[in-house]
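You will see subunit A twice below: alongside subunit B first, and alongside subunit C after that.
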Partner chain A sequence: MAGDQTVKATRRDLLSMIGMAAGSAAMYRAMTTLGLAAGSDYAGPIRLDGDPKGASVLVLGAGLAGMTAALELRNAGYEVKVLEFNERPGGRNWTLRGGDTYTELGGARQSCGFAPGLYLNPGPWRIPYHHRALLDYCRRLGVALEPFVQLNHNAYLHSASAFDGRPQRIRAIKADLQGHVSELLAKATQQGKLDEAVSAEDKEMLLHALRSWGALDDDYAYKASLLTSAYRGHAKDPGGGPGAAPTPSEPLGLSEVLRSRLWRYLQNFSAIEFQTTMFQPVGGMDMIGKAFGRALGEVIRYGAKVTRIQQDGGGVTVTYADAADTSSVAQEKADWCVCTIPLSILSQIPIDVGAPMKAAIDAVPYLSALKVGLQFRRRFWEEDEAIYGGISYTDLPIGQIAYPNAGMNGGGPGVLLGAYTFEGANGYEFASMAPAERVARVLDIGAAIHPQYRAEFDNGIAVAWHRVPFTLGCAGNWSEEARAAHYDDLCRIDGRIVLAGEHASYLPAWQEGAILSSLDAIGRLHERVVGG
Partner chain B sequence: MAGDQTVKATRRDLLSMIGMAAGSAAMYRAMTTLGLAAGSDYAGPIRLDGDPKGASVLVLGAGLAGMTAALELRNAGYEVKVLEFNERPGGRNWTLRGGDTYTELGGARQSCGFAPGLYLNPGPWRIPYHHRALLDYCRRLGVALEPFVQLNHNAYLHSASAFDGRPQRIRAIKADLQGHVSELLAKATQQGKLDEAVSAEDKEMLLHALRSWGALDDDYAYKASLLTSAYRGHAKDPGGGPGAAPTPSEPLGLSEVLRSRLWRYLQNFSAIEFQTTMFQPVGGMDMIGKAFGRALGEVIRYGAKVTRIQQDGGGVTVTYADAADTSSVAQEKADWCVCTIPLSILSQIPIDVGAPMKAAIDAVPYLSALKVGLQFRRRFWEEDEAIYGGISYTDLPIGQIAYPNAGMNGGGPGVLLGAYTFEGANGYEFASMAPAERVARVLDIGAAIHPQYRAEFDNGIAVAWHRVPFTLGCAGNWSEEARAAHYDDLCRIDGRIVLAGEHASYLPAWQEGAILSSLDAIGRLHERVVGG
Partner chain C sequence: MSGRIPAWLVAALAASLAAAGTSATRAGDALPTPVAPNMLSPGRTFAETNGASLYANACQGCHMADARGAIGAGSYPSLAGDQNLEAAGYVVAVVVRGQRAMPAVGRSMTDEQVAAVADYVRSHFGNAYPDAVTAAEVKAARP
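The block that comes next holds the complex of A and B.
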């Protein structure tokens, strides 16, 4: 390396240096051989080859299923129109910000008082990495994403009946369960108690693995040390200068951990639907719905409440009222209909379909859920408790507290999700309360975990999904029996009508399910159109 | 809930509704009682009370330690000057972007060819949530942060000698180890083999916990099922419409998992230093150094290579040369000196300190490390493999491959970290190679994990820390013996000189260590100044 040489390694230089010049195709073959292709039911952008010859499609609902159908069918040459109940695109893809108002079933109207830049996603709020279709539409529509933090080791697990109601850091429960389990198994292994189950060679390796994975000492014990503190946290954290050595913390006992039942939350962080890396759109989930809406423009007729869906051999006729003035009625006709109206609503609308599809439409109850957004004057969870994003779980009726994943460490006010719970699961009937009362109850309950709630609260908003006028629930709640009996009938094209939405997928309640269902439905519809 | 009521829940309304009106102080007491105060050696912004009466301090080095000292001492009324070797602030807080050049020891000069917006952080690249001092300076200096993904369940664990060299998804190794360990322990428990170690009551709870945590079936078996696939991934992912039900994947056998030794990487994601939530500054780590640099402005003299540090009862005299023209020599005098020059460099500079401090300066070898940034023409890891951010670990000499955490899902070219390895750990001597050769070797090795490397490579840059002129290594590598013998002597004020930096902390190699060391050092210095 003599003298002053300017080296800029470029692709061209290096392909030869590394002695390989295989082309792209060879690379992908190699990749497939290695088994690295990403598992996903989504096989890339849909191809609707063949001329629809001017066929028209009426799409009901401008949620993600409806807008996906509209976008792709329009691109394939169909004449497309969308009828949407709300005055905005997105459906359950929805974000509330300061200045928004929301009127629930029963007439209670809330005004959102959040500061600029803060928001609540009452519906979907996170996107798994393997939801490839949704991610692909985000990319194609230019929706910027940022990480959504599901597991924050410094957030809490809490039970009113464990540790005298004191919340525990997730890192401590996680490390201590893993450590104690590893110690128990290592000792049983050493004592020859697993000789039937594990070969002698594997036994040695198992002991190595348990020591590493469980943070065990040389005697396979899980106990207070700088080693275990490196996972569960220190009693005194390290610092700078003299006297700043860290000191170990004392692990919780196995019995304490087991009896706390806090371990039951740990798998919430490991399920494939909640694994890292998850995403959220920058600025709110409705950035996706808005991007679809912009792409479709005039194709969507907003404020249209569908009241009847008719079909005969010649086409489909949909009657709808103006959502703001239901005495004003109109009709729309098309050759085909893609109906994405949630079954909770669709089951109340007269529709000309056969008995099997009608039975399927009526077979699916809808889940309810409560989400409450609370704005606090300062981000005390960050400033006081070093909790940046993520979720604390509790057995109190609020279910969880989720911290905002945007604007972290920036100071100023913040909005956290003060409750996300499924109605009835805990005996609380939030939906029957007035919105302000829901907010007050959630504040009161949550103060057991964050006492700062009382001093720092500014304003809040509550969405109880059983009272959301356009869905009357948050998602279809298929039982195994109902799915076996009705799912295929729900999905089958009935004359000139096909249904789509998360309810017509194996990814219920997820936006990905809505999109995949829609792509599947329009694929089959298109085959019929160009094949017929 | 009759009629149309406008409800906006505000703090004022609700404090009375929830029947509590305790003030802020009571809240914080309650919080402390609950044990929720964030553990951190950093106790908030330093207070340097008392008048330094015009005392002057010369700070050597404009890394984070030096700039923290300069900022706080200036704010406390000292006359402050900083001498810095580089032409930029930050030291190891450093980012390389397109258009930058870097000349290493030996004269090899690299030009960075990255596309706009892409970068490599050759030094620190992630910030743990509990590095409260660094986070506080980021907040005070307006440095925007975004999440850094350490654990990506869909990234790989790889060993050349396991699974025929095929990389395994982290989620599979993680779920399968946890599942098999849970099954083994549950069965031993059921068979009464743990009766000595676990009480009858705990035994029942342990079985519940293992079933939940290990994804075991009702017979405590870990085997192919939709349950285990919900953690490790499906063979066929769920989709929309008919025929889109998911199918289970087959877990790896216990023996396979153990013999692969891939379990050894799992704790890299659980150690407190790497736990969620981690951060990176938006746009590159040097946003922090630049923000400090802007705050200090003219206080910093760049391009100054310190050649001698003298002191007597009256003050400190530092001789320095122009880094670009070492024949041009000057001197700077002050009452006190805070020296943050890395020990690897300082040990070569004549300095008037006592034998104990000199011995300490000479006692600490420096770690070397290699980081290689590779730009690819497309983000194949995202597009082909659904890997968004995070790190794949391998036992190949590249150590790891880290995927960019910014611009995810946005398309276009991307820069990944193609190697992050510690010199000598694997028998490779990257530092002795020319930079382009390092890049080529890293590409060649990494193609075993990502065959797309060969077709998609664009350009690269390699930083071998043993050849970085301003540190000759990446961080002080204290042995336990050296720390016991020399650490306190290193930190003690010697006449008018005090040292600071990550090397003078219990957080070696971390930026937090540099800042905490600096705050500790100037606190002690200030006491001496105002007390003397």
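The block that comes next holds the complex of A and C.
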């Protein structure tokens, strides 16, 4: 127990430091990294051996959790049906393209005006290489993947209050931070100040390592040279012919780098969730949901709004209304129910479960998040700035600008992710705006980083997740306290009902969490069915 | 950070009106001109200084401008003419602690801000509860 306490305190201290330095968005990322997500524990395709003897399962929700359950249970011999609120499969696995319309809560309707082939993934948009379950389903369902560029050294780090608001190339900040830190450590090492911590044998190796990691010269100094420019970029790039020799760039000073606070964004490239290789489906994230949907076909009943979930010793009865005409009500019965409805919705639906599960359903607030897609007439980030894919980070309310990872160097229009933020005051403030105002504000803000916005903007679309009718938020936001008190109760089979989804996983807000939760739930359900 | 849309943007929007089909936000679209422009706070916490502004920038995202909520797969409750608001302590508790899927949005507000927005909701949208909330009451209600 003492050990647990120590670990907990240390982690909390670290989180609090990160929170102070980088804000709660970074803290949230750090929490999922440090405390929860350490890659996926997927162990290969699920095996549901034994005969379910015609048992029926009703799955609620055709997101990745629900469709994983439906697909595997059907393959195992169950009679399966799925009820889905939307008129499409996928849930938060969702892509908006030219010609699509989207009506948010409050009634604002947007029609997407993107050119053919261009899109916005309003929800999930990247897949870590260690999300093995999701990758496995992509392979099995024939969903083609391509690289998602998380780290582009030539993208920007930006702060309104550093370098007079001029964006800095990621490679320069990274090289200068590493270089200066290495120089300081090398000095301390040579002056014997680290003798207590570093053995005589290790000292020599440490100096070698610092020189290599920090691009230090023979005197362990980090300064303008062709060596350091090979990492941070040249003032004049090398060319061909006479007079084409490169000239070194001048590193930023240590104090400048530290005070800019731009170093805090480098963690977006180092945590395991964001390490290379990351993937995206070719053509949009919803290729995954569509592939699941095709595999399930008629099994899914679309446009069904669940209004009541009842169970007794004999089975489960779910009442649902036609989403387009809620006066039209029907019921579906089954022996078992896998419910993947987000807790934001499920907490409002009368459901026959015990008090512990009900308390768990009620224990999880849902995050705000904003994504804005902006189409520009030309791919100026590529043509003018040599930024091909990747993400620029900023302390402005847009949070980041992400460049498309497909169609690179091909000319023509392109769609940027002009904003991706979650939580914090700005999340609520953006949700409070009309969609057109969100787009206008994001354009106005982003022009500080890319002035080309002013001449090249064509059209845009904004998704604020608290306004999304089928989730009322982007993902469940478990606090450590709530998870300790309720998580196990949420996951436990209650009579004939088991819940699944990212909210019932330790990979919150990730598609992998939804799938792993689903596989775990149906594994336990199946044991109960064939065992008893 | 102000609520104004700059001239270049209006011009850019106007410039390609000809190219515009039906789209969400196209160059040339008329932009909304809200009575109280929405703001974007400079930090993680709310910078709005009065109840009306806090409602319009924090609560409105879910409960809507008319406080009547919205209905999708689930719903956001209406706060208009809402008898639950009679107990000021209930309103404050929901704002600072959250309730079910509703985040504890009051964590990103000062005690004074929570009091101001609670008072605003309790005295608008068909609600007319005269007793004001104090910052001390908010402080005591925080988890």
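Heads up, the rule we're going with is that the second predicted complex is superposed on the first by the 487 of 532 C-alpha atoms of A that agree within 3 Å, B and C clash if a C-alpha of one lies under 4 Å from a C-alpha of the other, contacts with A are read in each partner's own complex, and residues count from 1 in each chain.
Rule of thumb we're sticking to: contacts are C-beta pairs under 8 Å (C-beta built on N, C-alpha and C of every residue); 3 or more make two chains touch, one makes a residue touch a chain.
Please read these numbers as outputs of a predicted model, since none were measured by experiment.
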| item | value |
| --- | --- |
| Touching partner for A:Lys305 - first (subunit B), second (subunit C), both, neither | second |
| First, second, both or neither for A:Leu443, with subunit B first and subunit C second | both |
| Touched partner set for A:Asn405, first subunit B, second subunit C, both or neither | first |
| First (subunit B), second (subunit C), both or neither touched by A:Ala434 | both |
| Residues of subunit A touched, compared between subunit B and subunit C (which is higher) | B |
| Which superposed partner A:Tyr366 touches (first subunit B, second subunit C, both, neither) | second |
| Touched partner set for A:Phe457, first subunit B, second subunit C, both or neither | both |
| Subunit B versus subunit C as contact partner of A:Gly113, first or second or both or neither | both |
| Interface residues of subunit A shared between complexes with subunit B and subunit C | 23-24, 106-107, 110-111, 113, 434-437, 439-441, 443-444, 447, 454-455, 457-462 |
| Residue ranges of subunit A touching subunit C (in the complex, touch as defined) | 23-24, 85, 105-107, 110-113, 305-306, 323, 341, 343-345, 347-349, 362, 364-368, 397, 423-426, 428-437, 439-441, 443-445, 447, 454-455, 457-462, 464, 466-473, 477 |
| Residues of subunit C that touch subunit A when the two form their complex | 1, 5-6, 8-9, 12-13, 16, 19-27, 29, 31-32, 34, 38-41, 43-47, 56-62, 64-65, 70-76, 98, 100-105, 108 |
